[in-house]
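Shared between the two complexes below is chain A, which pairs with chain B and chain C, respectively.
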Partner chain A sequence: MSLAARWRDSALVVAAILALWQAINLVGGDNLMTSPLATVQHAADMVGQARFWPHLRETVTAYLAALAIAVFGGIGFGVLLGAHRLTGEVAEPIFVALYSIPKVTLYPVILLAFGLGIQAKIAFGALHGIIPIVIFSLNAVRQVNRTWLRTARTMSLTPMQTVRHVIIPATVPEIFSGLRVGAALTLLGTMLGELFASQRGLGFLLMTAIDLHDVKTIMAIALLITLFSVAMNAAMLALDRRLHARF
Partner chain B sequence: MSSDGASVHAALVGVTRVYPARAGQPPVHALGPLDLELQRGEFFSVVGPSGCGKSTLVDVLGGLAPPSQGEALFEGKVLGSTVPDGVGVVFQEDASFPWLTVWENVAFGLRRRGTDAAEIRRRVDYALGFMGLQGFAKAYPAQLSGGMRQRVCIARTLVMQPRLILLDEPFGALDQQTRLLMGDELLRLWRETGATVVLITHALDEANLLSDRIGVLSARPGCFIAIVETGWSRDRDSTLAEDPRFGAVTARLWAYLRPESLRALGQQAPAVPDTLRSAAE
Partner chain C sequence: MSAAGWIRLLVVALMVGGLEIACRAGALPATAIIAPSEMVRAMIEVLASGEIATDIQLTFTAVAIAAALAISGGFVLGFLIHLSPRVRAALDPLLAAYYAIPHVAFYPLLIVVFGLGIGPLIVLATAFGIVAMIIATLTGLDRVPRVLTRTARVHRLSPLQEMTLVRLPAAMPHLLSGLKLALSYAFIGVIAGEFILSTAGVGHAIAYAYDNFDNRRMYGLIVFVIGFMVVVNMLVLVWERRMAQRRGAR
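Up next is the complex of A and B:
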């Protein structure tokens, strides 16, 4: 598909969503869903207010911390487990099983362990993101073509050179795919963590708005989060495609 | 071994290779005992039934895996489990690195070795020209056919200026016509570099066409049951297939190999016909 065609298709999808959104507003009224235009205006107002920023900062801080744990922990664990064949074979089904557990059920445990502060959100976000990153990294290392490693030996590469010039370039595309999935799930986990038993953050604003039946604010926050996550995913997907292009 | 002069380039002395027992399976005796002396600058091929340890032989000769017993020697030195300088290996599977361009693939070994940039450029450009790849220097392997990618791998070995080149079924994945042309290029490379070449193949006519001598391996554990000398001139090429003597050599190889191939298939092997056996000796 050409670039122009891809842009055109994306524009069509966005237009369709906006049309549907507007239609729901026309049929159900402002108490069901505010119109796209009103939502954008309210989002802009909120961003302009000083009291909004501590909440945003809280969410961003929690997300970045959770992401750092998920990324470093996930790649570290995945590479270690993947490097040894037997441990990889034992660990993979365990992580796949963990992946399929609805982790919300573990939230009470997280709360008991970490309390009501930012730590619980970070832990919950990291818990969501780390598992796909482990699985992807583990498979990336396990599936490094053995002929490439043998080639490295025939050229008398040192172990460090083999890691740097063969194993890393061979595994980066697959690990990056894991990061893309992991980043999206970390955001999900962090937001879920904020929805319950928290006193700050976008998730807290959202819950407060739900209690007050403040539809405008609900829609505005949903819009901000959606824009952020779609933009992040699109950027990572584009990079992901480029990394995989030659394999 | 080194007592019989400078003409012996690489050798196997009483080499066996046994893979140790693994999870509920007995140890596998893959190879040997084998004795072999490779003359400097000769083209030696190894044929044998599938699963007879041909690739294991490459591992031992190249220092990729140490023999379980006996010794492998290269230029008078005993090999262990590192590949010595001067030995190049080309594998059956596509071993080109997909994240590097053709040029970078070929330069890979020299760069890791720290050769100076001008020398790398000179040698890589020469190797690309030699293998007919000059127009593809900036292409990535994914944009090339299987035959072209195997050329990249051969060029990558060639730039290291190996004195012993081991090829483990390098044309196994290619079609017959490409194989014949690649064979001609391999002969040209062999003549021009003066390197000793060991080719592992399952194609009898390919072994016949390219080689000075052909070692026939038995079914596992692989041992040499015959070493056939072809007697072709040094400037041979694929037109040799028209020569009536060519068919006779292939027939001789098959006469040795047929019972072994049947044995590898787990069947009862009929004896080699006497007429063919005497022709081989």
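Up next is the complex of A and C:
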């Protein structure tokens, strides 16, 4: 399918979502859902206010710190565990099991360990993100074709050269796919942390808005977070596809 | 069990044992974490007392309804989307971005729309799980080997027969993994919703115990929830293996 057709179809989907949103507003009124236009206006208003920025900064700081831990920790653990066949076999099912448990139940444990504040959010975000990154990296390293490694030895490449010319090209696309999933889950974890027992951040604003029944603010924050995550996901997905095509 | 399986069991046992010893020896403060044996005892006490029977019933009703809706709805929607490549191409970016959206941002909105109670939980958990099932259905139907559909044509199967006798059985492994994901997402959705914005249910009971500094009860409930999910996953895994064996034997 041509690029133009794909853009047109995507535009149709966005239009359909907006139309549905507007229709709900027309039927249910502003107390149920504010209209798309009013939501965008309110979001712009909020971003323009000085008191909004400390909350945004808190969320962004927590998210970036959690992401850094998840990315470096995840790739590090994944590559180490995957490099040895038996450890990979032992570790993978454990991480897969961890992936499917409702981690939100562990938030009180994190709070007890890290105290109230930004550390708990960072730890919780990192906990969500690190697991898929470990799983993807582990499998990426495990599935490097043995023949390629033997070929590298035959050509007597140094370990550095093997890493540079064989291992990195073979594992990067898969690891990057893990990063994409991990980045999304880190955001989810950070937001979850902010919704529960938090005094600052976008999640805290959401909870305050619920208490005040401030639908406009709820919608505006949900919109901002959604736009951010969709944009980031689209960029990473595009890069992901190019990596998979290139290597 | 394979050697790796035994080592895995040993690793997990060592970790739990290490935690037990660290807690018993007082290396970790009792205000933060209690020994695993205490957690299990607390779980048994809480379950036996019957105090949370209504919460458990509520949570599992919500999970059952949401999982059923997500699995059946996701399968039907995935099937319909698969029929039309145009719709498919248009929805692809949406499906790819879906799990990047932190759904928790929409909890408050659901409360506003559906009120407190089981309604928003079911909607949330269904919405969280359904897309995994849609994606699994699409992948499963995509990856039916060409040779199978050709054989179906050679045997002059009607479209309906081709679907029920060839395509669906061939897509089964993907459908099963979609089912597994949808089930655990529905569970996570309900527990997370209860945890943050509900006045009943197991998730709420955990948050309530935390608020009251009742660590024993809290850890007991956490172990119950996580243990339940692990058991369910293992059962599905066994079922999956059995299906795979049957396919291999055929």
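What we mean here is this: the second predicted complex is superposed on the first by the 245 of 247 C-alpha atoms of A that agree within 3 Å, B and C clash if a C-alpha of one lies under 4 Å from a C-alpha of the other, contacts with A are read in each partner's own complex, and residues count from 1 in each chain.
Please note the rule applied: a contact is a pair of C-beta atoms (placed from the backbone, for glycine too) under 8 Å apart; a residue touches a chain by one contact, two chains touch by 3 or more.
The shown structure was predicted, so the numbers you read here are calculated from the model rather than taken from an experiment.
> Who does A:Arg246 touch here: chain B (first), chain C (second), both, or neither?
The answer is first: A:Arg246 touches chain B but not chain C.
> Under the stated touch criterion, which partner chain does A:Met232 make contact with: chain B (first), chain C (second), both, or neither?
second
> Per the contact definition in the header, classify A:Glu89: touching chain B only (first), chain C only (second), both, or neither.
In the superposition, A:Glu89 contacts chain C only.
> In this superposition, which partner touches a larger number of chain A residues, chain B or chain C?
It is C that touches the greater number of chain A residues.
> Contact-wise, after the overlay, does A:Ile131 reach chain B, chain C, both or neither (first, second, both, neither)?
Neither partner.
> Based on the superposed arrangement, let me know which partner A:Ser156 touches: chain B (first), chain C (second), both, or neither?
first
> Overlap of the chain B and chain C footprints on chain A, residue-wise?
Correct list for chain A: none, the interfaces share no residue.
> Going by the contact rule set out above, which residues of chain A touch chain C in the complex?
It comes out as residues 1, 5-6, 9-10, 12-13, 28, 31-33, 86, 89-91, 93-94, 97, 100-109, 111-113, 180-181, 183-184, 187-188, 191-192, 195-196, 203, 206-207, 209-210, 213, 215, 218-219, 221-222, 225-226, 229-230, 232-234, 237.
> For the complex, give me every residue of chain C touching chain A.
On the chain C side, the touching residues are 2-4, 7-8, 11-12, 31-33, 86, 89-91, 93-94, 96-97, 99-109, 111-113, 180, 184, 187-188, 191-192, 195-197, 203, 206-207, 209-210, 215, 218-219, 221-222, 225-226, 229-230, 233.
> Which of the residues in chain B come into contact with chain A in the complex?
Touch list, chain B to chain A: 62, 64, 82-83, 85, 87-89, 91, 93-95, 97-100, 108-109, 112-113, 140-142, 157, 160.
> Contact residues on chain A for chain B in the complex?
Within the complex, chain A touches chain B at residues 145, 147-148, 150-151, 153-157, 161, 165-166, 169-170, 245-247.
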